[in-house]
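Here the chain labels run A, B, C, D, E and F in written order, and each chain numbers its own residues starting at 1.
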């Protein structure tokens, strides 16, 4: 399964374990335990009920396997694949009790990440005729950043900083506190060493001039109108790469791309989204001994 | 602060600690450490940039306090309050370095939960002339269920099951596997004891008749057309309470309420949403000794 | 193994891992490491030394498997089964070093839970001619509630609330603080929604009248004398189910049941108990190369 | 508070946090949240309802403080103190909501450990005229060993091994596998170094002779009849200290002590016990503004 | 205290808590508990017994505070400061029992990190006349990377990658597997986006030519002889920055710096080191009531 | 694999998981993911580049297996074995991506522990003609004590206390606070029971006399000159075992052993060391379909 998802399982498994514990409560799935005999087997199809980009198969896989390692899972698509409505994504088979217990956690991961990948892909597609790349931000759902950023990659965009520690991004507040963009850049360079990238938020062309003079190679053009942005891109030619940000949406992204920026940052990729509608169809069920199919709990209560 | 949020801090603090660790990386906020001297103080306003319902103040509070316990936070609203655009939600003051470090994590919680509370409130308001209550589902974001369900309550709706362990919900798949709705209900009753509620998913009036015959007091009317739903509600009068579910949206919720159901379940409350736009305004900054304001790291690198 | 215990392994495994770490210390089982060569194999019987109800087989299983996944375990009984003294519960075979290392942790779980299940069963049996069901309380051993409540189910009783969050139980202190039973019930109903059960503690028949008037369907008759309790049961007929509580023991439980209550809550099921006496018998041992059977540590210390 | 309990808080706090999370569930104490206004204050007495030895005050303290750090707690006794029935152990005051939320977790620790300390003390007292010391075993409740062994100390007994790593205890199975008691002792000595104690289980006097010949200074006389035990003690005079074990109870402990053994090991100290009956009495309540005392949740649901 | 260490406490506290638990065992500091009365106060000086660079004060601070929050700590130096032998680093005062309990954990952090900072500083000083900067590697002690890398910064050097996720470093094995340096660089660029730095390991000048042709701006010159390295530096002039690596030591670092490289990577900074000798001097002790100074445990054992 | 390392995997696995998470960051090994196709297989030799004692094979094993359970590992030596330079320690084969991802974490454990075992062995060898045994101290690297102490055992030395809870060591500070060595020993004996060893630090012969008078059987001769130490050893003959401590090194250890002490404690075994130089040689690589060897990420970015 390792091929499916370039995030190592050692990162994903604790997330899935915690999500299962969250959904199981202290008694487990009492409905299935009460109703279904433990030897009833069944099979189900996991189906996209609408078109989109699939993401999160490994997490779904782990949700089923951590409940019952004998469940069999066969993928018919891979993470990052676009699917049409009614596409069967995977088939899953095993004990009905276990399948029903894991179902919601498996789907919660899959529909969330597929929703993010799908929205990302639609924005990436919107500017396919432009060289600009779409990027996410740090505006993520707390404690899910690793997999949200993965979903963004599956949607064809790139990631911005993973955290506060892997790049320097000088924002307006830093500049105001330090007392000037040039001083801020000089300080940043002093500690950046050889593998901490520096990016500077630019609010106007005057600032841009100073930043370029200090040798900055990546600038964030924040909330600029298109003509100013275009002018900024021109000034950076051959000197620095440019990134646009500030309330950009599916509707405006093409206009932004037209200014010639290299990157377009969109916070909504990870903070506002619609889950992709994915459901389960139960195909069949067979018990080793149907007529005696009594749930586990029966025996404790029959006097 | 305990009055703000009826979720005990012992539940919330680990979430905020993990979110901070996620955003800090292994070096912390290198931008602020590199640029800002540790004795520079500042103050900021947390402002709703659009109208909505506020939720998550305690989580925001913890994000700032866990970075620097000397930060001062004053609330101007409470969780569950509706605010207009440009409302100041809180003021926060302390060391600029610490404020900038905690900012994103604090806002990620606040904008997420306020977005959920706001969407919930708009749906609750839509049916204010009907007795029906809106309820969420288990379609939540993995590992955030406790706070998402809290946001739903702040938006004026009620919660469905918190997990698989606190209620029996007999769905179509259970019925199919057991071999009949009457048998399923009988099995559930055997183990339910005195404080596990039982609810049964009903797909047609024939099933409903059987369920009522078995003495069921809560039924989930799933994906029914309005006339059938109305008929079901009538059949349940004085015998069982009714809950509607199945792709209900802000647009259709009033039509559903009109059928007379007691509860309306909407998965999108927690799986698909727009974060509320909330930002920070930096007001001022003052250092004990501005002219010597050099960042901590300087001394290590000046030879 | 999943059939044995309706608590998913994702809940049980962390408990067993922590218990093993607690018993291993930082060096592991130095006695076995010092004395026994790592290739010596043995087999053992796990035997009930007194009659009782077995509970905790899956936890025992995990204790052995987490020390050495090659250990073989065969069950001869299931959780919830009654056994006579000298019954062999399971046979376990594998490396002697590993078996001896896991033994105490495996037995600590098994004897604890079997003790609870056994005590529960004896009380359940005591009232087998009455319709009342025995239930536990929240008076559990900290951090073991999930498995203690499971043992109670294995003993044939039902569970009360799992925690403070899954039902409303209005007690005398709440009533005193709110200022009246009727007001307390009205407040509870306002937030209970459709799947939070409400139960009210009743100290006298006057309170009961008020509670029934407010439509309460489950009442806790606390520390009532038998005639009053009988009267209370009569008043509830067709309106509410009744639960008795307050220092009930094996000796008094039949008298309580005779009053006609539906449920009888007994805190001692989980807070005061005798572990069931279960031990290991070592059957044999065989080493691949007995004459050279030197412990692992020898080589480091022979100069 | 540190004087109360010689177990550092860094060990105890995680246990209490987990116990609170276990009891709070994902919504917290919904009964108190629904019924009681957050500004109602109250005071309560923690009272021993039967005579015994108190143990666990620090854990009780943490349970209240972790729910609301403004709760005030005053102790009237210390861990290890004997109290009569109806003794007030401590007074606790603060917000009624918080007190009711923490109550059960606080009491679960206190009644459990006091029960263990009380049982231990009664056995220690039984042999007060003999020099023998009572000791516990590794037959503890999984994941509570540190505090159970502390309760044993509070009851006046001493601890046996804390875990498998801090002493060598050669049992019958080790001897059987190694092929002889002399060889087993020689192997143990080779790795024991200077601060790993060695103890050998002795089943008969022949074994004892061999063990003493090998220079063993501590022997465990397992399941011996009293005359043999007495003989064994005599043989050990001036050479080794003796410990008796094997199903010893309050009834038989004096007879065992009479044999002259130095230590008496009793597993039941930690595996079978009765919690001490300790309860809360609510004294009064006062709200800042009683007539407007509405619970927090009201505002969300009033339309 | 926040000024001392630019690593947020939320990162450091779990490390210190775990280290304390590791040293406390399940009974705590039995020596101090047995011998010293809990109200004896004392004061101690923390003294560098040899010259060096101090690092880890915040971790030392937390070790004392987590054992007893009433301990007072006054720093006389800061992290990154050079001190002579016999310099008093800090004074610590409070309960003698608590100070003795925390002492070893506090010192283990302080001596480890000061040792690393000291060794780093001596290498940084060795090349102070050259522009090259010293950098560490990922050859760190498992689970201590964040604080080891911090100690490297305190010693005046910079950090290389914090982990596998924040930069691309193409090594010889990658090149061999991909089948060529040019192809490897092209693949890396495709996914690097705008803030993942790319560095390429170069074994010979032929490879360097290809890398520069592909536009690489940072190269790692691995195990080159000095003339070749010098030639490589010359070829990179104005195109790429250069980093030297491969068994460089305090003895050879000046020769490496002389080649004109920009960065010099030394694994031994974090994988091989001598702790700095730092100890405690106890100054005095005073008890509230010295004549009655009996340890806490006495009372349990006096019959 | 269990034979390799007498530390149970339940202790080791969390350490390796945390170390992997530390090195993976939130995106995993982006270099290997970007460059290498997931179906490329390779094989590598793990080679000691210098002579030494190997330690940590199980940790290395887990690092590879936790990244990809299909990786095959064959050991050619065991923990505790001495190897010459250029010895192949193990061969590892599997997916190239996975091998490269796990490589650094695997080696960080192996080189650290082998370095400690090697240094320990060289000191043990130095005194092979004397009966004294070398022992480590509690001066360990925080959170790595269990495996550092294991490495010390692999190097042929014994362990001192694992933590503060498993033995009483009365030091000069305790004696000063209690007010005398005799009183300190009496207090210690009162609580030591039968399996807590007592050791007393001795600074002069006067103290020694008192300690022996109190019946102490283990003394720590701290920072004594050789003639005094020799005299102390003589005084202890037949009464107590002796341990030397205080800045002892490879150079002085033989002189110390010559005094006749039974044990020699050396803190530097675990606080100051050189990692053993161990590296990987990649042998070959083969892909299922080399010509189409494109990395996983390619497909997301090709428009």
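Rule of thumb we're sticking to: a residue touches a chain if its C-beta (ideal position, glycine included) is under 8 Å from a C-beta of that chain, and two chains touch if they have at least 3 such contacts.
Predicted, not measured: the structure shown is a model, and the values here were computed from it.
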Interface composition of copies chain B and chain C: same or different, split at half: same
Rotation, 0 to 180 degrees and nearest 5, that superposes chain A on copy chain F via CA atoms: 120
Relative to chain C, chain with the most remote C-alpha centre: E
Chain E and chain F, separation of their C-alpha mean positions in angstrom: 19
Between chain D and chain B, distance of the C-alpha-averaged centres to the nearest whole Å: 41
Computed distance of Cα centres, chain E from chain C, in Å: 48
Residues of chain C engaged with two or more neighbouring chains: 22, 24-28, 33, 101, 145-146, 159, 162-163, 165-166, 191, 196, 297, 301
Interfacial residue positions of chain A with respect to chain B in the complex: 15-16, 18-19, 22-36, 40, 42, 96, 100-101, 104-105, 107-109, 111-112, 115, 138-146, 162-166, 168-171, 173-174, 176-179, 184, 187-188, 190-192, 196, 268, 271-275, 282, 285, 293, 295, 297-298, 301
Chain B residues within the chain E interface of the complex: 17, 20-21, 24-28, 33, 38-39, 66-68, 95, 98, 101, 296-297, 299-301, 303
Chain A contact footprint on chain C (complex, rising order): 2-3, 6-11, 80, 128, 145-146, 149-150, 153-156, 159, 162-163, 166
Touching residues on chain D, where the partner in the complex is chain F: 133, 135, 158-162, 165-167, 191, 193-197, 199, 218, 241, 243, 262-263
